[in-house]
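Both complexes below contain chain A, partnered by chain B and then by chain C.
Up next is the complex of A and B:
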C-alpha cells in the first residue's frame, strides 16, 4: 500500500514535468493549428547554450535559466519564420503541396519543422560535442521524509509551478482581452483579420510565448537531472506530444491532465514491467488516444482548441 | 562487375541503394498524401525477418527477403487499417508512435537457436549478430552490391511503369486532392491502404538487404531519425518521379556525408535545405513540372 502510494506520488510529480513540457506544444497547436516537431530540438539547443555558459564561464543558476529561456525564444523565432509564418502566396495559385486536402498546410509545416529539428540538434551537438554535459541544479536535493514516503523538494516545487502556470495561463486566455483576441485568431483567421486584429503578430507572439515556456520546461527538467544529453530533444518532443495528445492537443488544462496521466501510468508500468514496459506504455497510450473512436465521438482531440 | 571498386566505394553505394529503397517507401506514401515517420519500423521488421530465416533456418536469401517483404507489407497494412482514416496530422503522429513501439518490442525480443559457431538470433537490446549468409557462401560485398542494385532497379522500373497506368494516376490524384479523387469514383481509403502495404514491403526489402550487408542489426538502428531521413530524401529529391528520392539520397549520402568537407554540418545543411524547399518548392527538386519539362525535351530531340 505504501509502495503504491509512493509510486503514485512519484508519478504525479513527474507528471508535473510532463505537463510543463506539453504546455508549449499545446499552446502552439492551439494558436496556430500546427504541430511543431522542432519543439524538442529548440529546447535542447537552448539547454545546450545554458550548459555551455555553465561549463565555460561558471554562470550562476539564474543566469543559465535566463539564457535558456532567451535562446529558446530566439531559436523559436527562426523556426517560426521558416516553418510557420503564413507564406505570402495566393492560395489559389499554389502549385500543389506534398500533401493536399483540407490539412495540406498543416502537414507541410509538420514536415519542415522536422527538418529544422535535425538541424538544431546537430547545432547543439556541435556546440558541446560530449555525450554527457552537466547542467546546474536548482538546489541540493535532500529527500523529504514523510513517514515511509519520500519526496524530492525540487520536484515538488516544479510540479507546483506546473500546476500554477497551467491554471494561470488557462484563466488568462479565457478572461483577458488579449486572450480573447488570441482565441479569435486561432478560431478563424480571416474573421479575426477582418475585425482588425494583427493576426500575424498575434501568432508570432503566441509562438514566442510557447518557446519561452519550452525553455522554462527544459530548464526545470534538466535541473532535476543535473545533466543534458543529445537524446533530450527527442525525449522532450515525444513526452510532450504524448501528454498533450492525452489531454487533447491545443487544450491548456488538458496538458496538465495529460501530463499527470502519463506520469502515473509510467511510474506504475516501470514498477511492473521495467524500463521497456514503461516506454511501451507511453507509446501504446499515444496510439490508443489516436485510434480509439471515443475521441472522435466527442469532438476529437485535435479540434479541442483553447479550453 | 564491380570488382574494380575499392571497399569504401562499395560500402557507400550499397548504403545509398538501401536508403533509396527506404526513401521510395516514404515516397509512395507521400504520393497518396500521407507523411509517415514510421517507415523505419518496417525496415527493422524486414531486417529481422530476413535475418532470422537465412541465419537461423538456412533459407535461401531470396526466400528470406521475400518473407521479410511479406511481413513488412502485412504489418504495414494491419497498422494502416485503424490509422489511415485519421487526418494527415494524426496519421503522422500515429506512425511516429508505431515506429517507436516496434523498436521497443524488438528490444525486448529474445529468441536464439544453436548454430555451428554459437547461438544466433535476436538478443533483445544487444541486437542480432552473425547474419553470416553471405560470408558462408563467399559472396563478396561488391557482388552483393550488384544484387542490391538489381533490386533497386527492379523497384524503380516497376514504380515508373505504374505511374503510367490507371493505378498510378489514381495514386497521384488521391495525393493531390482526395475529395476530387473520391468524386471520381476512387476508393481513397483502399488505395491508401494499398500504398501503405506496398511501402511496407519496400522498406522491409531495404531492411533485409541491410541486415545481410552488415551482418549485425540492433533495435537502436531503427530510431525515428532513420524514418525522418527517408521522408526528407523524398521531399528534397522530388515527388514528380520515382527518381526523385534517389536524387535526395545521392545528394545527402553521396555529397554531404561522403565528402568530409561538411563534417559536423551535414544535418545543418540537409535539414535547412528540406525546410527551404518545402517553403519555396514544396514538391521537391524533381517535381511534376520538372519531370514534364524533361519529357518534352527528350521528345523534341527525338522528332
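Up next is the complex of A and C:
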C-alpha cells in the first residue's frame, strides 16, 4: 500500500514535469494549428546555452534559468520566422470553409521545422561537444520524509508550478481580451483579419510565449536530472507530444491532465515491468489515444482550442 | 462615400477583377449583382484589405484604402460581413460580438452595444452563451451582421447575405438591411438574389467576368430583364458575335 502510494506520488510529480513540457507544445498547436517539430530542439539548445554559462562562468542558478528562457524565446523567434510566420491569407483556400487551417502550409511547416530541429541539434553539439554536460540543480536534493513516504522538494515545487501555470494560463486565455483574440485567430484567421485583429503579431506572440514555456520546462526537468545531452530535444518532443495528445492537442488544461496520466502510468509500469515496460506503456497510451474515438480528442483541435 | 476606380486583382494567373469602377453613395443601399465567378467576392475581399489589388484605387470618404491592412480599414469605419458568415465557431455568441469590437477601447459602450445587438436580434440574445458553431445558418448570418456592426461602421459591406438560407430568413435579413439603412448606415451588398436586392437597393451594378457591365436604378429596367442579363448571359451572347 505504502509502495503504491509512493509510486503514485512519484508519478504525479514527474507528471508535473511532463505537463510543463506539453504546455508549450499545446499552446503552439492551439494558436497556430501547426505542430512544431523543432519544439524540443529549441528548448535543448537553450538549455545548452544555460549549461555553457554554468560551466564557463559558474553562473548562478537563477541566471541560468533566465538565460535558458531568454534563449528559448530567441531561438523560437528564428524558428517562427522560418517555419510558421503567418502567410498572407489565401482566400481560395480559407473562404467558405470554417475549418481550422487544414492547408498545404501545414506540411511545409512540419517539414521545415524538422529540418530546423536537426540544425539546432547540431548547433548544440558544436557548442558543447561532450555528450554529457552538467546542469545546475535548483536546491540540494535532500528528500523530505513523511513516514515511509519521501518527496523531493524541488520536484514538488516544479509540480506545483506546473499546476499553477496551466490553470493560470487557461483562465487568462478564457477570460482576457488578448486570450479572446488568440482563440479567434486560431479558429478562423480570415475572420480575425476582418474584425481587425493583427493576426501575424498575435501568432508571433503566442509562439514566443510557447517557447518561453518550453525554456522553463527544459530548465525544470534538467535541474532535476543535473545533466543535459543532445538527446534531450527528442525526449522533450516525445513526452510532450504524448502528454499533449492524451489531453487533447491544443487544450491547455488537457496538457496538465495528459502529463499527470502519463506520469502515473510510467511510474507504475516502470515498477511492474522495468524500463522497457515503461516505454511500451508510453507508446501504448499514445496509440490508444490515436485509435479510440474519444470525444475529448475529437473536440481538441477544432473546438476546444484553448479550453 | 466609396469610390472604386479601375480595381484589378488576381489569384496567381487567374485574373478575377479586370478593372472595376463603381461608386457607393452615402446613405444609400448599393447592390452588386452578377453570376457565380463574376468576381464579386474577390471585390469584397479586396475592399476589406484581405487581398492586395494589382492596380486601381479604393477611396473611402476621400481616403485611399489600397495598401492599408484589414485592421486599419475596419478602424476607418468600413466592415465586411463575409460570404458564408465565417463566425468563430468555437467562441460563444457573446465572444463573437466582443471580437467584432476588437478595434474599440470604450468598454462601457461596447457592453451597451452588445445589449443593443441582443435587442435587435432577440434570437442571438437567447443563445448568447452558446457556441456560434451550433447556431442555424440564419442565426449565424445575424451573428455575422451583428459582429460587423460591433465595429460601428459607417459603411457595411455584405457578401451574399442570403445564400443558403430559407426564404423567410432571407426576408428577415433584408428587413434588417432596410432598418440599418433607415438608421443611417450606408450599405454595399453583393447578391445573387436579384429580386430581393432590387427591392432594397437605390442603385445597382451588374458584374460579369471581372468587370462591371451595367448599372442603373431599380425601376429603370424590368427586374426580369435585368435578371436575364445578369444570369442568362444575354450580354455575353451578344458580345461573342463578331
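A few notes on this one:
One rule holds for everything that comes next: the second predicted complex is superposed on the first by the 279 of 307 C-alpha atoms of A that agree within 3 Å, B and C clash if a C-alpha of one lies under 4 Å from a C-alpha of the other, contacts with A are read in each partner's own complex, and residues count from 1 in each chain.
Definition applied: contacts are C-beta pairs under 8 Å (C-beta built on N, C-alpha and C of every residue); 3 or more make two chains touch, one makes a residue touch a chain.
Everything numeric here is computed off the predicted structure, so don't read it as measured data.
Of the two partners chain B and chain C, more chain A residues are in touch with B. By the document's definition of touching, of the two partners only chain B reaches A:111; chain C does not.
In the superposed model, A:6 lies in contact with neither chain B nor chain C.
Judged by the touch definition given at the top, the superposed model places A:181 against chain C, while chain B stays out of reach. Contacts of A:229 after superposition: neither chain B nor chain C is touched. Legend: residue contacts after superposition of the two complexes on their common chain; A:137 is shown touching neither chain B nor chain C.
On chain A, the surface patch touched by chain B in one complex and by chain C in the other comprises residues 95-96, 98, 302. Interface residues of chain A facing chain C in the complex, by the touch rule stated above, are 88-89, 91-92, 95-96, 98, 177, 180-181, 183-184, 187-188, 190-198, 302-305.
Against chain A, in their complex, chain C makes its touches with residues 11, 41-42, 45, 48-52, 69-71, 74-75, 79-80, 82-91, 95, 98-100, 102-103, 131, 133, 147-148, 150-151.
Contacts from chain B toward chain A in the complex involve residues 30, 33-35, 37, 82-83, 86-90, 92-94, 96-98, 100-101, 104-105, 107-108, 175-179, 224-225, 228, 231-232, 235, 239, 264-268, 270-276, 278-279, 282-284, 287-289. Against chain B, the residues of chain A that register as touching in their complex are 35, 82-83, 87, 94-104, 106-108, 110-123, 126, 234, 238, 241, 245, 276, 279-280, 283-284, 286-287, 290-291, 302.
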